[in-house]
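To keep things simple, chains are lettered A, B, C, D and E as they appear, and every chain counts its residues starting from 1.
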Amino acid sequence: MAEVSLHAITRRFGPTEVLRGIDLEIADGSFTVIVGPSGCGKSTLLRILAGLDAPTSGSLHIAGRDVTGLEPAERRIAMVFQNYSLYPHMSVRENMAFPLRSLRMGRAERAAAIDRAADILRIGDLLDRKPAHLSGGQRQRVAIGRAIVREPSVFLFDEPLSNLDAALRGQMRVELAELHRQLGTTMVYVTHDQVEAMTMAERIVVLNGGRVEQVGAPMDLYRSPATRFVAGFIGQPPMNLLQATVVRADVAHVVAMIGANQHIEAAVDGRGLAPGEAISIGVRPDDLAVVAQGGIPVRLSVLERLGPQTVVHARTEGGAALSAVVAGDTELAPGDRVGLFAPADRVHVFASSGQALPRPPRPAL
Amino acid sequence: MSEIRSTRAPGPRGRVPISDNDHAPARPRSQSRWKTWGPALLFLLPAIVGLLVFRLIPIGWAFALSFTNWRIFNDIEWVGLANYAHILTSPVSREVLGNTLWFTAMYVPGVMVVSVTLAVLLNNSLRSSAFFRGAFFLPYITATVAVTLAWRWIFSTRFGLLNHLLAQVDIDRIAWLADPAWALPAVAIVSVWKDAGFYMILLIAGLQTIDPGVYEAARIDGARAFRRFYAITLPLLSRSLFFVLILALVRSTQTFEITYALTNGGPNRASTTLAFYIYQNAFVHFEMGYASALAYVLCFVIGLITLLNFHLRRRWVHE
Amino acid sequence: MSDTLRRAPALIALYVVLLAYACVTLMPFAWMLITSFKESRDVFRLPPSFVPTLLYGPDPLANYTEVLTQHDFLLYFRNSFFVSTMAALGQVATCALAGYAFARMELPGKNAIFALILATAFVPTEVTIIPEFLLMRQLGWIDSFLPLIVPSFLVGSFGTFMLREYFASLPAEYGEAARIDGAGPWRIFWRIYLPLARPALISIFVIAFINNWDELLRPLLYLNSPELRTVPLGLMRFVGEFEAEWTLLMAGSVASTLPLILIYVLGQKYVLQGFAGGGVKG
Amino acid sequence: QETTLTYMLWSTDQAEIEAGAIAAFEAANPGVTVEVQAMPPSDYWPRVSALAASGDLPDVMAMSSGFVQEWAAAGNLMDLAPLIGDTSLEGYFESAVEIGQIDGAQVAFPQNWVAPVLYYNRTAFDAAGLEYPDADWTWDDFRTAAEALTIDADGDGTPEQYGYWVYGRYAQTDPWVFRNGGRFVNEDGTALEINDEAVNALAFLASIVDDGFAPRPLELEGIRQQDVFGMGLAAMWVDGSWNIDNNRALIGDSFEWGIAQVPMGPDATPETAVAYAWADMLAVTTDSAQTDLAWALVQHLTGPTLTAADFTGGKVPAWSATAMSEEWLGRGQQPDNMELILEIGAQPLYTGFTPNWSAWRGYAAAGSGGLNGELDEVFNGRKSLEDALAAATAYGNDILSR
Amino acid sequence: MAEVSLHAITRRFGPTEVLRGIDLEIADGSFTVIVGPSGCGKSTLLRILAGLDAPTSGSLHIAGRDVTGLEPAERRIAMVFQNYSLYPHMSVRENMAFPLRSLRMGRAERAAAIDRAADILRIGDLLDRKPAHLSGGQRQRVAIGRAIVREPSVFLFDEPLSNLDAALRGQMRVELAELHRQLGTTMVYVTHDQVEAMTMAERIVVLNGGRVEQVGAPMDLYRSPATRFVAGFIGQPPMNLLQATVVRADVAHVVAMIGANQHIEAAVDGRGLAPGEAISIGVRPDDLAVVAQGGIPVRLSVLERLGPQTVVHARTEGGAALSAVVAGDTELAPGDRVGLFAPADRVHVFASSGQALPRPPRPAL
């Protein structure tokens, strides 16, 4: 019942165009994460969805209704802010009652709605506290509580977890995902943290410089980034990206040179490329294997031992930084010279425009 | 909408142009403009009415009067620029203007030094600080006339407490209130004494917005107390200092109650400042036209100083 | 500062300085206090004496009882209290509305209005007071509290400035959250921002109350009826044609300072916060 | 029918004193209520000025000799002559009534009058073996007495008792000037023209100070000037007779004191040596709509209604019968020669008031400036008399010419 | 040359004892991370090291010298604060010059030192900017620059990365580790983020409630946590901890019951335990395998797909939450019922005191 669709939305602040024509369909009941670097226009987009800001041009429909000119309150949306924006002088209960009062809901009805929301979020015993006496995670939950009491048809989240510490962030991610399953309401979630995008989203919208770079399911973006930007942005540790020049290219292969005389092969459709052309080569750290012989020769600089896996940071002879993920612990030490090898079907190639080259067409047997 | 923006939006606060055309979203014009302007206008209505009726009307009226020789109980006679011309040529008004500048030169630095010192000394969590703040604020709230009488007693030449104390360190009696060299300084002392507590409160408030971590960093960096004061505290307090400076400047040109009760402008005009002279002309001699002209000269001087300060502000105030 | 404070000698030095200056600030007040406990003829004894002679007599509070009972001072206190409270409340209300609008709302030309409000504070009262008086007469407000209350009710440069800064320093997100929650401009102001500005509101109330309490010129010009007299007017009764009744004047002054001390002590905590959040920034 | 008369005066004490008389007036005029407003002089004048500006002056207002000319010139004061008609004014001091006449119009009517006198400490005179001052005293006699009364018993260079005490205020210096035939202003009061007699009188006073027989005013700064004599710091003093009350309160019975007329100057003849006195008056304003009733109130408050007890200190009732009563003469109190003031009042009077007198003479909140301020400079030894008078003349003429 | 040693350091604020006797030896040139939950006293300890605070009792030596009563400036230490505490009114250059002026260093020498530091940290082009015009990461670098110009013998860091966003935090971790390699100076680093502790530390000091819980190399703490607290604190996703009761225990095995009739076996020395005793069982998510048959039966709730691995969140029949890490992507979906299996030598057992039971003694063959 509450799909959201944006048509050619632009937003200008004075001379700068912050959103440059956004077309987007958000399915009813989906969990969509809008991700992108700081300043790319995520918040602006979300605020336009909320009605806190209006687009310079373009139109916006929620549940089939044109809401472009409507007040936030008329859109049946709720929003959770990065810093929670709980009303500091009101108790948790009053915070949650605030939107209900606007709806002129009766006292008993209000109490019931609050209890229901408190139940879902397990904050029943906090109802009489002021926000100042809550921990970060509790505040987060209350902010969500304030959003859900109104039973909106779309939830908007603007980096709701970025003020929490790592452990809590991990925990709240899971809780939010569970909440979405429970409520089934459309959720639009803005973050600059690709880990959040990857772990929570059903669909990710990657925004860059006011434009949509790619839309897709998390693993699709991870495996098949459409552009160099998406490739570098999605995945932690980030994809290794190297400058290279084309040596050979055909419909199923590209061989490129990185650094002096070091070749690397990628299984992509290289038909658009000419030898000598400048391209970028991308390899995910977990697609790089540490090998004693062969591969790209590197010298290890830093090892990050996380327990279940170790991230190996290294530099090529040319000085370029590369990282690889090794499962579990490792005997390797900084200063070691090893090779890093990537299978050709895991190597990505990006044209100088930034566009990814597609995998070769299935051989028509 | 322009000022309602994300806290993370870059750009110095308050610099965003107010004109709506720049970033206001394209909305159906007439209707939604009034939706935003209407409430704003209602909110400002009391202030605008007050400004018009109780500020601008009397001010404009007084300005018109400055071109007359109105003596309140007399009929009004238009004299053109005669009042202004007289102010510029009269040796008395030159003397008074000189006194005003001299008073400002004593009062403003004096009150700033004292209030900064007090603020710095009291910007801590010592339990006794609240008491001292109160004690230092007390002069600001005690009735000027009554407390100035106490000061007359302190300044008394022969039987005064101050000269008595000075005698202990072999300093000769000073006729504080009757010596032209000392009368204005005495007024300045009492004025500083009276106002320092108020500015102190403003400055403590300013100090409390300074991140204590910066002081710790400075200690780690080997800066001793004095260097921390002039290299960290002063620059980081500069916004407050500027605010206090402007307040103090304006006040220095407007104090007359203390002069009135302490020296009556004497001896022989030695402590007559412009504000007191305006008071004399307005309410003792009832030369309202002349007093109004003097007031506008005063406004001009304050305005000039204030503008100068705003101009110099960039040099020493750190945003 | 804490490092200096850790050392005993520095701490002692600090206290010496503070106590010395406290003597300077308290001395004149102490003199007022002592004088208020003297008999008239002891006031100008030479050499001056610190002995509050009345305290050794049968009726130590003689001056105070005379001031409070024989001179209608209880009435004056009530009047002053009413006038100062109303004027201060009004100022808080107007400044809050205006400061909020200046900080958070959109209106063409609002900055010009703001600048005008600030600039007009620079014009000395002495010259505007007579035109103001003529204006009040036109309004028919002479011999009522209206001229004492309404102008400060409607304009307060300092307060408007401070509240503008204070409201600007509060996060815009509260208002946005409230808009999403369906609140209109008034409700956002009234239920969200106004309660949050409490320290600033209290500090403006305190300052406005003090200033109005001390006001002499306006009550003098506007009030005729004895039953409308305010405390400063009452005190002026002790300043006679040839003589001042010093002991009564001092007793009255001390008594009239007490409410201000009380207001300050009650508001102290907020005054600092209010200024810190408002115009005064480090 | 019901009417209200408004009445303003500059002394709250006086208002209390008159309360009975007012009540009597109301009783005698059924339906009339008198609304009294009193405030100290520093507040009174701004207040009535504002009322004058708005045309709201009270029916009856207290009027000072110093301001009466300006107020009359501005057309604020009603000429009482038509109201007086043939009513006999015989009971009043004639010269006091004359002070309220300007250009033939009776714009104000005296309630009381005052004159400066020479206060002297009889105990100190006795101790020094001096004769008390009398009508034949010359300035030389005065100087000799001042010298003899200046006593520095502990030899620290600062006398514990000075012979005399003076500063630049009108009531302290101008009696000497006028008693020497001196004048500050020209005939019609339009310009300052300080004549030689005036200069000589002031030079004489300055020499008393310079010779150390009177303290420099700056020495005693911080002590109220009217307390110096009462505290025993000076054995002689010239000031208004209104200070008698203060002296009584301050001195009690700690020493004996008396009053005398200010000695006549060497340059004066009995004709030119005028007495200096002025009156506190009541005026009916031109804003009054009930002038008959107002005049009735003025008569009531200036005539025999008030008793001697209603006049503080040396204020002389304008109604001469009251003044000459035993009660006013205060038998049994110090000074024992109050009739001296009445004698002064019988002499030809001169006030020297002009429009803007307060500004050029230096009065009230402008008291530190004008001639007053310049003379203080002289007595403080910081300026020559010549320079001071030149400056005062320039300043005064600037004011009078505007 | 600059080892740090703390002897019986305590710190009391009024009635509360924040540090309860800390003994610690920090080797010269080491990178030591002090980690612990919020409020455990980490900052207090660091501030005592810096001389910003004084211990209530105990003594402190740096490079063999007793510095307990010395001013911060006399300790040859530098400190980087959580919120950077840059001097906001000074340019980057002036910020860095500030400590040098205290040393009365000449102008030329100062400029050289600043250039050197700016070089190392790649902030050469920021020198004339004010802190307000720097991004978070740049500020962080400047704060470090201000610390290194003085060539201190010990660096102290108080949660220097916690104000940065995830991507930047990852990057700065590596940079700091490289900086340590480059300078070789003793570094003491405080954080509440165990990922930082794991990835950066040579030695980790786990602080809890004002006491040291365990000191050791990151992987030692990961593999052999000495207490239940350390076990739960170190590792992301955190170790699964379950309430259990002892069924059988001997020198090499403990069998415990978790939930109704569900047994689990651990290869630990269970000699101190009696059947029926309450214990905690701990299993790291990456030690749990998802199996179709056997293991602990669970129902999957949320799947977090990170790319190289997927975190599977599940609930047992008893309602306890368990998580497991699966390499790469997975076909599993929320709602699936599977088993989770842990090899006995990867199962940890904690006595009710919180102490871990040791692995069984090597059989003496």
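Here is the rule we go by: contacts are C-beta pairs under 8 Å (C-beta built on N, C-alpha and C of every residue); 3 or more make two chains touch, one makes a residue touch a chain.
Note that this is a predicted model, so its numbers are computed, not measured.
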{"item": "Distance-maximising chain from subunit A - centres being C-alpha averages", "value": "D"}
{"item": "B-D or B-C, whichever has more C-beta pairs in contact", "value": "B-C"}
{"item": "Most distant chain from subunit E, judged by the mean position of its C-alpha atoms", "value": "D"}
{"item": "Between subunit E and subunit A, distance of the C-alpha-averaged centres to the nearest whole Å", "value": "26"}
{"item": "Whole-Å separation of chain centres (CA-atom averages), subunit B against subunit C", "value": "16"}
{"item": "Distance from subunit E to subunit C - Cα centre to Cα centre, in angstrom", "value": "55"}
{"item": "Where subunit C and subunit D are represented by their mean Cα positions, the distance between them in whole Å", "value": "40"}
{"item": "Per-residue overlap in subunit A, given as positions that touch at least 2 other chains", "value": "83"}
{"item": "Residue numbers of subunit D (touch at least two other chains)", "value": "46, 49-50, 53, 223"}
{"item": "Multi-chain contact residues (two or more partners), subunit C", "value": "3, 46, 130, 134, 171, 173, 176, 239"}
{"item": "In the complex, subunit B residues that touch subunit D", "value": "69, 71-75, 86, 90-92, 152-153, 155-160, 175-180, 260, 263-269, 271-272, 279-280, 282-287, 290"}
{"item": "Interfacial residue positions of subunit B with respect to subunit E in the complex", "value": "211, 213-214, 216-223, 227, 231-232, 235-236, 238, 318-319"}
{"item": "Touching residues (chain side subunit C, partner subunit B) in the complex", "value": "1-5, 14-15, 17-18, 21-22, 24-29, 31-32, 35, 46-48, 93-95, 97-98, 100-108, 110-111, 113, 116-117, 120-124, 126-132, 134-135, 150-151, 153-155, 160, 168, 171-173, 175-176, 184-186, 189, 210, 214, 232, 235, 239, 246, 249-250, 253, 256-257, 260-261, 264-265, 268, 271-276, 278-282"}
{"item": "In the complex with subunit E, residue positions of subunit A that touch it", "value": "38, 162, 165-167, 170, 173-174, 177-178, 181, 192-195, 198-200, 218-219, 222, 234-238, 284-286, 301-302, 304-309, 311, 313, 325, 327-329, 334"}
{"item": "Subunit C-touching residues of subunit D, taken from the complex the two chains share", "value": "10-14, 35, 37, 39-43, 46-47, 49-50, 53-54, 56, 223-224, 226-227, 231, 242-243, 245-246, 249-250, 252, 312-313"}
